[in-house]
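Residue numbering begins at 1 within each chain, and the chains themselves are lettered A, B, C and D in the order written.
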Amino acid sequence: MQEGSVQEAHVHAPPEGFIRKYVFSLDHKVIGKQYYALALVAVFTGMILSWLMRLHMVWPNSKIPLLEMFSKNGAPGGVMTPEYYLSLLTMHGTLMVFFVLTNAPFAAFGNYFLPIQIGAEDMAFPRFNMMSFWTTFAAWVVLMLAFFIPDGPPIAGWTEYTPLSAVGKDAGPGMAWGASLWGISIAIFCVASLLGALNFIATTLDLRAKGMTLMRMPLCTWAWFVTSCIALLAFAVLFPACILLILDRHAGTSFFIPSGLVISDRLQPHAGGSPLLWQHLFWFFGHPEVYIAILPSMGIVSHILVNSMRKPLLSAKVVIYSMMSIGFLSYMVWGHHMFVSGMNPMSSLAFSFPTLTITIPATVLTLIWLGSLYGANIQTNSASLFALGFISMFVAGGVSGFFLAQPSIDIYLHATYFVVGHFHLVMGVASLFGVFAGTYFWFPKMTGRMMSETLGKLHFWITFVGAYCIFMPFHYLGLIGNVRRYQSFVDDFMAPYIGWHKFVTFAALITGAGQFLFLFNLIYSRFKGKPAPENPWNATSLEWSIPSPPPWNNFGGKHPIVYHDPYQYGVNGSKGDFVMQDSPEQVVPASGD
Amino acid sequence: MGKALAVVLVLIAVLSAYPIVMHMFVLPEDISTHGHAIDEQIHDTMLEAGLSFVAAQIVLAIFVWGFTNRKAGSPLKNFPGGAKVAVIAAFVLVGTEVLALGVMGQKAWAQVYFTPPRPDAIQIQAQAEQFAFYFRYAGPDGKFGTIHPDKIDEGNQNYFGLDPANEVEARDDIVSGELVVPVNREVQLLMHAKDVGHSFYVRELRIQQDFVPGLDLSVHFTATKIGKYEIVCTQLCGLGHYNMKAYLSVMSQEDYEKWLKEQAAQ
Amino acid sequence: MGTKQVVVVSVAMLGVATIAQAGPPAGGTVSGKVTYEGTPAKMKPIDMSKEPSCAKMYTTPQLAETVVTGAGNSLENVVVYISAGAPDDAAPSTAAVFNQKGCRYIPHVLAFQVNQELKIQNEDQTSHNIHPLPKINREWNKSQPPGTPPISEKYDKAEIFPVKCNVHPWMHGNFAVLKNSHFAVTGDGGGFSLPNLPPGKYTVTAWHESYGDQTQDVTISGSETKTVNFVFKAKPY
Amino acid sequence: MSSSIATPISSQANALHRKHAAAQVARSARRTSSSGIWVGVFAITMSFAAFTSALVVREGTTDWSHLVLPPILYVNTAFILASSATLEIARRFLRVSIEPRKAGAWVGLTLLLGVAFCFGQYRGWLDLRAQGIYLATNPNSSFFYVLTFMHALHVLAGLVALAYLAYRLSGSKKNFRWGIFANAAIYWHFMAVLWVYLLLLCRAEL
């Protein structure tokens, strides 16, 4: 193995020694778990940040003693300063969008299961794969450094709009090195994601087992494939944007900074740049990013729903085509984030239509899921509960898109809590439901042990109800014009509504606490859970045809041959009401159907 | 478990709809000439979106109720019509919705952005800066003094960087921290950002427009109701963003002229 | 007020110090008056409407303080100090206090010594931001929510520079960080007095935020009192 | 979290597995990497497209002035085009007349030309600096430095691959996998094309 060329790379010796096995492992399964662990750390960090923000928002002058220990400038005497609120807000957004929503459903599960589900021994380029994880990790480290520099993380929000983010320290605390660290971190993250996406695409195209035609790939594999195509484009655009931003900050260029800006009484030494350029580049990435977050969860949920329904979807093809068209359309809609940004009003209309059009494939998906439930025999377990919850959340978050897709309505609702409620439900909660479902579903395969169903169900109820309690009120508050990104509500008209924000804060605290159940369940079941059989869910796809957990080379050197579509449920199979993809037997339709 | 989920889903649908149906959260009174179009649009969309939301949740609930953990051997059925129905339904339902909302719904947008301000509209320059709005009236000569960024001196209340020493136009410019406009007169707001991106948002006016540094935009509106309203910033602009606000005073023509005189006197 | 006390205290202490070393006589005094000629710009009223908690503290509109004049063309907020001739002094142990009250800076001009503690406190119900804009000293920018402990800072280089509040654009003040303890900031009446100067040749500098600075040389022998007056040219714009 | 409790596999099983694996390599290695390389080429194209669009937008704003490109760039263009040619010659020696050593020599030449290109680019930057045109001097120069530097970075990556090729082809009789060459060639030709595009872009727009 000394000559590390890409050709033979997807075949490697069994890992020996701790470092090779668990740290710099080439095994896509280990890498998948590493991504999952990183996402887990990031998501709890992000959640605690949101707790702090919620607390501060409704009790702006209350003291949070521990916070002062953490940052003296950020919370003198324990009272959070306005800029520190914005720092937390920025870090919350960045961590959640990049290190959770991109990592968990896509990089983590994709890495672990994509190769197995197509019958491959590993990714096409294991070294790239390892590199992309450790680059992601580096990006995370760089980002977290911002917490430990004197004036803290940046305060410009996760969108880092220029010129605020481009002019350096004059823009306020955190905009000196904090913002630079942000830019560097995201640039690194782009490289990592590009490597990852490249790997996914090459693997899907070239390492499929005999008989595994594209149309025989499980829906989550399809979702990961489509997602990596989106990611390849999106991050390839964000990367240059970050480079230009860093140059504006440190090399005195003026890509995003116009002339004659006076910030903190200082005339800025820049000329001619265009702030809108950043917004265009950023949202050209930013909107597809939403689908990078949600598509994998759509796939995972479909995969799990079929299994728990014990019958195929109305049409897997339609699901695949819908996901493709969503991915395709996602590139024509970025402008709907900029309706009130001074972009040509004509183009606002031009962006409005594809945005509304995206709801068509989205609705197709929803109706397919709903329609498939009809006449099924749904097995309820933590996984399927979260999958069903996903549908509910996806609808809830989706319908509010109707409002924001229309420029005329956006004039009123833009930058209000309505938007916050919308994207948290559809992009945040919905795709996290996909991740939860995936975890409960695949944990047995990943660790060889079952998770506690009782805890899992409890976790579901808290999260499901909690999420609605948190994010539904946001829509209402948006309707009365409650502006987002405020550290406290000083506007007179907000006074009567603080109560609702208190309610949301309590809901957030409880729901957040519920997530520790999940964490406990993960850790406890990992060591004390009861051993998992090879195929606990009577599932059909290839990952269930190998031991739990799989050997380092997945199929023990054998090369699986695929005979069927992925979802042969509700049939008379030798093992029961299903036929696995790699079993040569004929599929006999179940009686009575 | 399935039945419980069904019940919860129905509860969620009902409880989510309740505050809307009960008008617990209503838009502030509209004081603009174009606002009603936006309000109608929001109302129609709320109807369509709300119905689809409730319908979807309830259908989900019904199916979950009916088809969960059925006793062994109970036959699996397929939705009559299968995928075709779903796809057609989606295209018809949403397609029409898209058309309805997309095409009909642009009235307000057109009114705000595609109709030029009337020639007799009052021109007021709005400058957004960290973290306040300042408004400038041209004064008797009807001319604005030029902005000299290098001459901006906030300590001396020279927020626009005027140069009265060398420019006559600048001497009679009136600068105010409050936006005062006469009722039922069209106002054209010339928007200038001093430092970073900001946004001009008056809920009652149904107006929201970003200030983009280096790109001077303008919006025009007609306020139809005398009163005091809040202007807030909706574009994250730094540590004081939450506290970046000003007031809009809509006055009768007489009061407006009186106010201008007072200001000029200072 | 805060400044005056500080100045008095520090001056007194220095007096003690000189007595201790050199013994009597206590030394001479430079005193005088700062005035202007011409028409100064009319100070514009400050519009605090965006910060109701402060606005409601005032019945009459507050005026900008870049040029504050008094009876007999006297000029306030002028820092008069010995820019040359006097040795550097150690910083006094007392802190110079800079207060934020009603969204104004009290005092508008705060003079203190190199390495003297600077205490910044917020008496308002709103969150303030303190952003001094030095050129040679270290720059910092901190917010001070209501009810938080005072911010304590030091400057290690002599420099006169503006300080602003990022949240309330009208809040502008000045810090004068000075090498020695012989300084005063003119108040009502524009008078000043720099006592306890040991015999020697001194350069006295008067600094005003809009009118720049002027210097005069003065020689002190024994315990005499020399009068030095400064006259600034005022411009209407 | 790890697959520590993986079922242990005896060493001969490993050997066995390697044989199987080798079989699979033979089947799919070539294809794998080639689609991989094309995806990579696509990604790089995308990000340079983004740079281009940024340039076009920025051009619309004020203060856009003309920039005289250092003449040495044209020499560099010759270098990189020539290097593409020499790589093709190497390919013939490898495929038509099976002479790995000669092929190695031509790859070496390609490598040299590539290095020459990089030095040429560096020289071009120095020339501009000599004229007092720096990164931040005006938007044109900013874009010029950014585009050429990003391209140079990618070329360096290509040089590493070429060096590896040359090393594998020179003497050592290890079995040489054709796939590496094919991919390196695709990448290297792409670098040449990309450079020509950038040159034209700079000429036309800057």
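By our rule, contacts are C-beta pairs under 8 Å (C-beta built on N, C-alpha and C of every residue); 3 or more make two chains touch, one makes a residue touch a chain.
Computed from a prediction, not measured in an experiment: that's the story for all the values here.
S.K.: Compute the shortest path length in steps from chain B to chain D over the network of touching chains.
M.R.: Minimum number of steps from chain B to chain D: 2.
S.K.: When the contacting C-beta pairs are counted for A-B and for B-C, which pair yields the higher total?
M.R.: A-B
S.K.: Could you give the separation in Å between the centres of chain A and chain B, each centre being the mean of its C-alpha atoms?
M.R.: The mean C-alpha positions of chain A and chain B differ by 29 Å.
S.K.: Taking the mean of the CA coordinates per chain, how far is chain B from chain C in Å?
M.R.: 46
S.K.: How many angstrom lie between the CA centroids of chain A and chain C, rounded to a whole number?
M.R.: Roughly 55 Å separates the two chain centres.
S.K.: CA centre of chain C versus CA centre of chain D: separation in Å?
M.R.: Computed value for the inter-centroid distance: 64 Å.
S.K.: Can you tell me which residues of chain A touch two or more of the remaining chains?
M.R.: 81-83, 172-173, 258-259, 264-265, 272-274, 276
S.K.: For chain D, give me the residues that contact two or more of the other chains.
M.R.: 61
S.K.: In chain C, which residues are in touch with two or more of the other chains?
M.R.: 127, 129, 143, 162, 164, 166-167, in rising order.
S.K.: Given which chains touch which, is the overall layout a line, a ring, a star, complete, or other?
M.R.: Per interface graph, the chains form some other shape.
S.K.: For each chain, which other chains does it touch, given as pairs?
M.R.: Taking the chains two at a time, the touching pairs are A-B, A-C, A-D, B-C.
S.K.: Along chain B, where are the residues that touch chain A in the complex?
M.R.: By the definition above, chain B touches chain A via 1-2, 5, 8-9, 12, 15-16, 19-20, 24-28, 37-38, 41-42, 45-46, 48-50, 52-53, 56-57, 59-60, 63-64, 67-70, 74-79, 82-83, 85-87, 89-91, 93-95, 97-98, 101-102, 105-109, 112-114, 129-130, 147, 149-150, 152, 154, 161, 194-197, 199, 201, 203, 206-210, 212-215, 217, 230, 232-243, 245.
S.K.: What does chain A use to touch chain C in their complex?
M.R.: 60-61, 73, 76-77, 79-83, 151, 169, 172-173, 264-266
S.K.: Over in the complex, which chain D residues touch chain A? Could you list them?
M.R.: Result: residues 1-7, 9, 13-14, 16-18, 20-22, 24-25, 28-33, 35-36, 39-40, 42-44, 46-48, 50-51, 53-54, 57-58, 60-64, 135-136, 139, 142, 146, 150, 164, 168, 174, 177, 179-180, 183 of chain D touch chain A.
S.K.: Can you list the residues on chain C that touch chain A in the complex?
M.R.: Those in contact with chain A are residues 127, 129, 131, 133, 139, 141-149, 151, 162, 164, 166-167.
S.K.: In the complex, go through chain A and note every residue touching chain B.
M.R.: So the residues of chain A in touch with chain B come to 81-83, 86, 155-157, 161-164, 167, 171-173, 175, 257-265, 267, 272-276, 309-311, 314-315, 318, 340-342, 345, 348-349, 352-353, 356-357, 359-361, 363-364, 366-368, 370-380, 385, 388, 391-392, 395-396, 399-400, 402-403, 405-409, 411-416, 457, 461, 464-465, 468, 472, 476-477, 479-481, 483-493, 570, 590, 592-593.
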